[in-house]
Amino acid sequence: MPQSFHHIGLFIRKDDPILENAVVKVSQFLSSHATSVVINEPLPFLPELAVLSVSDFPQQCDLTIAIGGDGTILSASRALAGTDLPLVGINVGRLGFLADVTLDELEQQLDQILTGHYREDSRYLMQATINGSSDPIGCAMNDVVIHASQSLHMVEFETSINGRFLNSQRADGVLVATPTGSTAYAMSAGGPILDIDLDALVLASVCPHTLSNRPLVIAADSVVDITLSDNNIANCLVTCDGRPGHLLQPGDTVRIERYPKTITLLHLESHDHYSILRAKLEWGRKLT
Amino acid sequence: MPQSFHHIGLFIRKDDPILENAVVKVSQFLSSHATSVVINEPLPFLPELAVLSVSDFPQQCDLTIAIGGDGTILSASRALAGTDLPLVGINVGRLGFLADVTLDELEQQLDQILTGHYREDSRYLMQATINGSSDPIGCAMNDVVIHASQSLHMVEFETSINGRFLNSQRADGVLVATPTGSTAYAMSAGGPILDIDLDALVLASVCPHTLSNRPLVIAADSVVDITLSDNNIANCLVTCDGRPGHLLQPGDTVRIERYPKTITLLHLESHDHYSILRAKLEWGRKLT
Amino acid sequence: MPQSFHHIGLFIRKDDPILENAVVKVSQFLSSHATSVVINEPLPFLPELAVLSVSDFPQQCDLTIAIGGDGTILSASRALAGTDLPLVGINVGRLGFLADVTLDELEQQLDQILTGHYREDSRYLMQATINGSSDPIGCAMNDVVIHASQSLHMVEFETSINGRFLNSQRADGVLVATPTGSTAYAMSAGGPILDIDLDALVLASVCPHTLSNRPLVIAADSVVDITLSDNNIANCLVTCDGRPGHLLQPGDTVRIERYPKTITLLHLESHDHYSILRAKLEWGRKLT
Amino acid sequence: MPQSFHHIGLFIRKDDPILENAVVKVSQFLSSHATSVVINEPLPFLPELAVLSVSDFPQQCDLTIAIGGDGTILSASRALAGTDLPLVGINVGRLGFLADVTLDELEQQLDQILTGHYREDSRYLMQATINGSSDPIGCAMNDVVIHASQSLHMVEFETSINGRFLNSQRADGVLVATPTGSTAYAMSAGGPILDIDLDALVLASVCPHTLSNRPLVIAADSVVDITLSDNNIANCLVTCDGRPGHLLQPGDTVRIERYPKTITLLHLESHDHYSILRAKLEWGRKLT
């Protein structure tokens, strides 16, 4: 059931291009519409904002507002995964898949969200673990990619799904993507679009050597094991959502599986994912 | 729980290339391993076999054995959809995705199935209806394709999923395929492989005019509406599993959705779908 | 060396959507800028225009002006192939690859062309012949396609290039396209773009069954022989530039080769094919 | 006109997996069929063979025999480019595109070559230069690739062909490949096959962000300029035939163009490139 929100955590990435204007605008709006506001990074131009680590947001906030675009939403989602704190995104750049509140209509749109007029959108994340460790090396909302640390080096690997051998391959890399990630790197690698609420993952190879290789769509609760061949001479990495990767050794097995908890994004009631797809993929235009 | 089978219905397609040898071999085996045997088509070389319409199989049989390959299994599945009668396939040609009992090991393999040593594989079908009719024009285990009746004519259409507008397009055709069909025509059209037990459908265009068009994977319980533009000058057809199509008029809407009941295929306990994928798609080989 | 033009043949397709406004505008301009004007079809609203069959244009005209878009230019090019008469296109609809004079700037742009300020663009066509006949069944500026007469029927065929066996295949169809045609149907079928002045053809299959099939780019003077298998049960057609096809029999061989003469298109001096590619293929936009 | 050969230079790569057996076999054959034999690397097990730098081969040899597979032929071709010395390859591993003499039929096949029964196959190479330098950084027989030095980092760049702007893009990388290279990395990146004697290059992006990006085939004498955007934060490399790359700075322009001289490969008279394509790409097999 929709709720209203009073205790707001602002989430930004400090290495973002200038978003001063956006943060000030959001902060001003919240000063009269929220009971408390904290932010995850100190900002010299907003010294009055209390700073709080995002890991402490769940204790003091009932809503996180991420300012900055899809990459910022991905960061916030990974940071908040495992908590029940919902998340809404303010889009400060071009049209995004995840953040649909715009600066132009900020007051009206944020007011709708804060007063309980929103749609919930539950997204799942993946986690990657190495060689049976109980400690994941990271989690990903878009994709986990395994690849040579230097580009143009081939990776040789075997894939199993739920313990059953699928195939062995040589490729520039291999990725597992969520529906959220299916319109990101996976799409450049030739993967299909997964409907945003589909309970599935896509497994795709990047520049595969085998010409009959095709992307494979599997159930979201599948356990994917990628085992590097002992023949790999190049260093390999596993990378979650494009962040700096984790080094792998020949023979290592990376297990990719659903993260136990979801993250809840809030959208405007008018939000329509297909409309965003049409706009971002320019489906409105035709060749001839 | 696995059961054993005693009352067998044999299913063949009478327009199949010569399968006399296979039917005789199966029939001889069953003469000493089954209580009753019927067949859906009279065969001059097996006059002693009782003939029974496949629609009456459920009253007299506890197992259908389809002899002839994947196309025959598709026919039998459509005919038996909506009943509880399980189905096993005897493969008389090259390796198939659906029929895994082989003539070479017929006695041993059929004995396993009849005595309850099998794996169940539940597959769903789709149905297509026109303009809100309550009477489907047909059902499909592989795919429903909408296309111009003459090839090289473009189709212009709009697609909605669960009542939400997805896009409008011009293409040679558009298809919705099940996981079973994802390795058939949908794959030639550039679609991904859907894991065989994934609860999903793939929606793909054939030779789309929009270059940013990509296959879309949707939940299996989605309702897909394809509405032909009034601008279409060519006659259009909707075709289920490649059988002769049903003529459409400009402005018609074809609804494609899951058929209410599944069909149960029986496989040998050693059956491994990934192994068949590797063999059929030749994943074992590499370019260089 | 650029020349100026005084005797104009107007070329239209009478089944075109209303282009009355465009023809009147062109005709008015020419009444004071040309010595003589003829048209290939009588128009009730322009009774004063002399009508002349396009096949007689070369005797009376030094320039053909085609009004109507890329399809009209293709028609005019096929009609004029084998003559030395140059051709310029007036684009009455959306941006075209072939016709770059626009109605908005008609006077200024046509004046440039007529006074010798243009760029020549020599395009070649292909011809198709059946079973060694000396009489081509047609010529094509975009593509020759071989396909089943009914859609969704597979074609089985063998391909040879310059008498050397390339492969045998099963597919929905097979096409050979010129650089001009490489951005038309061939592109929907997955073919590459051929640079517009490249001396090459692309051979591509439509929905091939063999997953490792790839488009093949061959020299423009190659002789391509497509032989239909005797196994084809569906009727097959060979189609030039999408016009009504020519019926084929099982076992027939279609020879596709360069037409002996080229056609000369005239463009504005500012014409830039890459700029049209960027606009038509929307390369200006990016996914994220 | 075919000639016979008497002065042989053997070319090996010393980091090749064990090819002792092959070199001994070739050496034994030549001891009675050639006037003089040299090798580019000292081999402990063949101390009697005179060692000569490959750059001196043209002074003393009339034929180079490369032992080791396609990669070895690529190395030898780059080393000999610019000389008139022809090259034949002994294939010691699996079927190659370039080396067609096999160990099994070594004596008979080499004898044919040495006595003038061969087919000449002239291949061109490309060279890459940076920022207008007169000194190429390297030459390539397969492909020149520009990419981030670390994988998964995007490159932003502009492309011009013969000084005309084509487009700006973001991608994992961009490549230019010869017909020889069109079946190597370019094919994994989605490029078409260029007929082996076609006078053309293919320009293709690796994992492009723009969904309407397509490979472009251009004339072999085209000059391709790739200019890195000043926005690139990752280090970029230009790589010829997959060897260690040359570091680029933001704003750098890489010019890729045909190398002035060709290399002549010798093949058996029975050599058929299409037959190799069919075998390597497994065109003989079909999906269903």
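Chains: A, B, C and D, in written order; residue numbering restarts at 1 for each.
Everything that follows uses one rule, which is that a contact is a pair of C-beta atoms (placed from the backbone, for glycine too) under 8 Å apart; a residue touches a chain by one contact, two chains touch by 3 or more.
Small disclaimer: the values here were computed from a predicted structure and weren't measured.
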Note: chains that touch chain B and chain C both are A, D
When the contacting C-beta pairs are counted for A-D and for A-C, which pair yields the higher total?
A-D
Just give me the whole-number Å value for how far the CA centre of chain A lies from that of chain B.
37
Rounded Å distance, chain A centre to chain D centre (Cα mean)
41
Whole-Å separation of chain centres (CA-atom averages), chain A against chain C:
46
Residues of chain A touching 2+ other chains?
187-188, 209, 211-212, 214, 281-282, 285, 287-288
For the chain B and chain C complex, residues of the former touching the latter
145, 147-153, 171-173, 185, 187-190, 206-209, 211-212, 237, 239, 242, 245, 281-282
Give every residue of chain A touching chain B within the complex, in rising order.
161, 164-167, 169-170, 187, 191-195, 197-200, 202, 209-219, 222, 272, 274, 277-278, 281-283, 285-288
Chain C residues touching chain A in their complex are 70, 183-184, 187-188, 211-212, 214, 280-282, 285, 287-288
